[in-house]
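What follows is a set of structures for review.
Note that chain A is present in both complexes that follow, paired respectively with chain B and with chain C.
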Partner chain A sequence: MGANIYKNKKPLFLFLLPAFIFMIVFLYFPFFKNIVDSCMKIKQLGTSGEVWNEPWYSNYTKLLTDENVRTSLKNTLIMTIVTIFGQVGIALLLALMVDNIKRGAKVFRTLFFFPIVVSATALGLLFNLIFLYDTGMINQLLTMFGRQELIDWKSEKWALFTMMLPVMWQYVGFYFVIIVTGLNNISEELYEAAAIDGATRLKRIWYITVPLLHNVLCTCVVLAVTGSLKVFDLPWTMFPKGMPLKSTFLTGTYMYYQTMIVKDVDYGCALAVMIVILGVVLSRIVNAIFKEKDY
Partner chain B sequence: MKMKKLTATILSGVMAVSLTACGGGDNKAADTANSAATDTGNKAADSAEKAPDTEQAQGGVELEVVTTFAGNDGNAQTYKKFYQMWEEKTGNKVEDMSATADDTFKVRVVTDFETGSEPDVLFFFNGSDSNNFIDAGKVISIEDIRAEYPDYASNLDDGRIPKSWVDNKAYAVPVNGIWEAMFVNTEILDAAGVAMPGADYTWDQFTQDCQKIKDAGYTPIAAALGDIPHYWWEFAIFNYNTPENHLTVPESIEDEIGKGWVAGMEDIKALYEAGYFPENTLSAKDDETFAMFTEGKAAFLLDGSWKVNGIASACQSDPDDPSTLDTEKLSKFDVTYVPAKDGRKATDLIGGLTSGYYITKKAWDDPEKRAAAVDFVSYMTSDEVVPEFAQHGSSALKNVPEVDENVFNELQIKSLKMVAGSTSFTGPVQDLFQGESRVPTFDGMPEIVTGSVSAEDAVQEGLDIYWSSDL
Partner chain C sequence: MKKRKFSVPMAVIYTLLCFWALTTVYPIIWVVLNSFKAKNKILENSFALPMGELFTLANYRKAFTNLNIFGAYKNSIFISSMVCAIVILLAGLASFALVRYHFKLKNTLYMLVVAGMMFPAFATVIPVYTMEASWGIAGTKNWWLSMLSVILPQVAGNLSFAIIVLTGYIRSLPIELEEAAFMEGCGSIQIFFKVIVPLTKPSFATVAIFSFLWSYNDLFTQMFFLRRPDIMAITRLLNELTSNEGTDYGLMAAAVSLVVIPVLIVYIFMQKYIIKGMTAGAVKG
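This part shows the complex of A and B:
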């Protein structure tokens, strides 16, 4: 018998089966059921569709004419750009700076990573207080420095900024840790050799660090883009129902709004299908652009 | 000091009048509220010692019970106390699966009924939320239960037990009711030189008062129109209706009631344009504008009976400890009638008994559980228990207990007096106008008041959705 036991692959399938069943039951079946539901009339949450919509694709034509869908797609796109530059960009900057200090690097790592461990809902409530109109921290500070009129940070003019700032801030630490790990893998000898050749610190970063971090940055960007499509709890806590004037909807929050608040469940299903398609398309584009290199 | 029993009798009389008022309307009868007040403190101790006698109870039965008495609900502890007393008395067991009454909870209840895993007893809303499981015959009507248990809910006035919109039968045995009215920060009124509004308060007087308050540097109305426009929506429409026709959803904006709906929206828009709402009313959440009211920055607040305790909590140094109440601060709050316009009288209130105990068919068909479920509901809706839940609110009890003012705070007493002066209670028409049909005028309120959508278009769109819905 001996080593032959490893050639028998059958037990492997047995061990894979529970996970496979789990995926079927909780991911693939609901996904395909969701596609069917998006074409049916559903009375209310928790009930199944009994009759088909007329025409069956009516929810999809509605997607094309719904102004809020356009708003949510536009905002999601902005959120994607913000996450790429705001999260990965700032994380890279912070990581490079921390990499260049001799003492206290661990403290900064902990400090920057800390927001990740706080729930997004709690952060939403926290930033709600910070941006509060009447007694919010920022308006109090502005008043202290002599400003007469309060700023409504959640008004149409400022809403996107107020919503995206905490989202950006929360995940900087996550990418920071990934990039710092990547930086630690770059050999010190390369920097020493460059220094002997007379390269400035900036040049060393540009010609050594950034190229060698390419794959790490690609991973970060892919994670950031796919993550931006899933952002939900913090924006919903701060700006429920797309407040104000439905200007802050993201694809996720709009789907939730239609399903849970408006209770147009089948239209919510159609929005979910749209989000999946958007996710697949965007991640393929990002993967094509930020292809990892073999060194 | 003990409030005269006469007050309670008057209140019952008022409710009897309101019954007639609420008879009409879309065959979806409005419920009415008994405005009787009940004492809590001393009776709590009494009832703790003497449990109410109910029909029968066999030991050893485990009942699955789902209610909304959970989380921050003011009656969560009262519910727990009484079901534990029932357990002790009968030897039965309550498997309590109560949860806060939010959308998730409603979905859970609907899903449970869909999948056959409903509880034995359910305390739930009696409006359109219950239509599905009533339509599916998954709960037993009070009438059917009385065929076997004649005394079931016999201590309650049948006229005040709301009927289902599905078949006009009563299913849910109510405990405590609600009312909606206008809370007032009298400190701001004094500063602006405005008199406390009374029973004959008109819309014109109201707008004049708002202007005076605004001129004095305060915000006249605490409301988050972008978040919770519900109360203003309801009363603005009610202002053009009467208790008799308020619960009729118009077919279009062309009929009389439809015109009233549009006019109501226009009135809210006029208030917004006059600058009577907070500057951030479109972006603020309800709790922010409520804080403006309690912190003395806004004068009027349209809200429900549940806010009486909320305002008292805001006057406590420890929100959970009533003994830390700042009575002087609380004395600056009052409650009055919502200003009236063309239709209703100011003293016509929105209110009713909006929830109740259902016994499911699943429990009814189970020979072991049937008696226990009936006994449990009878116990929880007995003359001794209901006042503990209703407090300064309303109930459907036939025997209205005496009111001991000593157990109430000042705002609760003011509430009792305000309710005592009411002429009718009508259910909210928004309970009929659910889901997608609400979107153009509820979530679309900011668009209406800013003028990006006309009130006519918004109301008509909502009505079109309502009447085209075949669900």
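This part shows the complex of A and C:
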């Protein structure tokens, strides 16, 4: 019977066409056009390229010799590692702790998740004030604890730290909620059985929680890696144009910089292609390391 | 029954949890308190409460006169509501068809949807801009067209996620209700609006919240399409503020507060749905 009522296929087009036209026109077509554009000369944003670059792959040879590309790749990889260990790691610790308490789990969930809802741009402004040299919240705190000289958080030495800390901090709550949901799905009986057999609390975590959480953690790591490639708002607000001395570029912010500030649009396209390739490679690696298992 | 008693490990756990909670909450409280102080007072002692002589509304006065905050809010809310509405409608229709109808290209189309999640905005934004410029939508003086130029790519960016969440839910609905509606003489369009939509409400809420917040907070697309002051949305305005008034810390604190407080209020009342909405796509995989 089920198939009968939907036998008439005429309305099908009406249902499917709008969504798929949107996806083809605004995702698939631009995606491939972008690859073509990266090999053409484009004078300014908003115009199409008419002639090919000489030679057509010149933007890609430029990628290999561009020092800023190296900086941005290096920073992005650092960001990936920070997100994996910082975001997912801290989230896991917090989740294990919340799993053990009797009261207040809901409150912590609400509080931890809050930063995700706030726009990263607003947080960028906020952290600009917090890390202000003369004198923001952190430096005021340090002075209160007796430190003599102020730390310039935006200097070359500290810039990467100052940029990545807020990015990491913002999304901990996101992974926290995912992991807590995973923990709640583990049945109480397993823990009880282990406790009867004499397993200590730490042993229970190591032999029951961690293996059963494996797939959830996999999802988190994949999300953290793909997420780290999309970071744009907060770094661009705190460190526009790769300040100081172009040392804080990420792949995304560098692509924007080349397109909108330097106005080398076709080179921006090539950088975008590089971001896609980087994403594919990184998620392959992560999948190979953390294979999903069936229990 | 175990007796409730104070234990050291528990105390340590609560302390650590409270510490993290403090880091997520205190910065916001700090900036709101400081938005009521003059610039130089913030720099001297940002931990003092803004009372007595310290208290001033000057930052807010300046924010409302110098910045077009209300205009930016209006633009933001318009863009995000439209994105949200269009995504719900189109994704709903497509998911219904993808689940209930059987046809040759079904699996191919579903693959297209899943693959659509993989494209980062960086990889499509330049050709999309070129295309919209050639249609006369992007980079024009017209307010409606400028709004449209942001709405279109944002809708496309959210459709994949929405369709994946909605197909998952519609698949779990019993088909008997639709059969009953069919026996009563409903066509498939009527079945969609009268049976599927009401039953899928929770999932629609998830999708709505996700796409609204995503669009509201997205800076990257706005940086490309909204470059004139009168069409700026809220995140774009904040970004502009850092480059133009980067040293007026009081004004910055006021602007951040004005942007964060409405979100905070909405979050307090709808946090259950918001948390679910923001993590739904992830948990489903």
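By our rule, the second predicted complex is superposed on the first by the 282 of 295 C-alpha atoms of A that agree within 3 Å, B and C clash if a C-alpha of one lies under 4 Å from a C-alpha of the other, contacts with A are read in each partner's own complex, and residues count from 1 in each chain.
Criterion: a residue touches a chain if its C-beta (ideal position, glycine included) is under 8 Å from a C-beta of that chain, and two chains touch if they have at least 3 such contacts.
Here the structure is a predicted model, which means the values were calculated and not measured.
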Side-by-side fit of chain B and chain C on chain A, or clash: clash
Contacts of A:Lys41 with chain B and chain C, given as first, second, both or neither: first
First, second, both or neither for A:Tyr133, with chain B first and chain C second: first
Partner chain(s) touched by A:Lys263 [first = chain B, second = chain C, both, neither]: first
Residue contacts on chain A - larger count, chain B or chain C: C
Partner chain(s) touched by A:Gly227 [first = chain B, second = chain C, both, neither]: neither
Partner chain(s) touched by A:Lys246 [first = chain B, second = chain C, both, neither]: first
Which of chain B and chain C A:Phe29 touches, first, second, both or neither: second
Touched partner set for A:Ser155, first chain B, second chain C, both or neither: first
Chain B/chain C common contact set on chain A: 45-48, 128, 132, 134-135, 240, 260
Residues of chain B defined as touching chain A within the complex: 103, 106-108, 110-111, 114, 132, 226-227, 278-280, 282-285, 288, 291-292, 297, 434-436, 439, 443, 446-447, 450, 452, 471
Parts of chain A lying in touch with chain B, wherever the complex brings them together: 41, 43-48, 128, 132-135, 150, 152, 154-156, 159, 240-241, 243-246, 260-264
Touching residues (chain side chain A, partner chain C) in the complex: 1-3, 5-6, 8-9, 11-12, 14-16, 18-20, 22-23, 25-31, 33-34, 37, 45-48, 90, 94, 97-98, 100-101, 104, 107-122, 124-130, 132, 134-137, 140, 169, 172-174, 177-178, 181, 219-220, 223, 229-230, 232-233, 236-237, 240, 251-252, 255-256, 259-260, 265, 268-269, 271-273, 275-276, 279
Residue ranges of chain C touching chain A (in the complex, touch as defined): 10, 13-14, 16-17, 20-21, 23-25, 27-28, 30-31, 34, 42-43, 45-47, 90-91, 93-94, 96-98, 100-103, 109, 112-113, 116, 118-131, 133-134, 138-139, 152-153, 155-157, 159-160, 163, 175, 178-179, 182, 187-189, 191-192, 213, 216-220, 223-224, 234-235, 238-239, 241-243, 246, 249, 252-253, 255-256, 259-260, 263-264, 267, 271, 274-275, 278-279, 282-283, 285
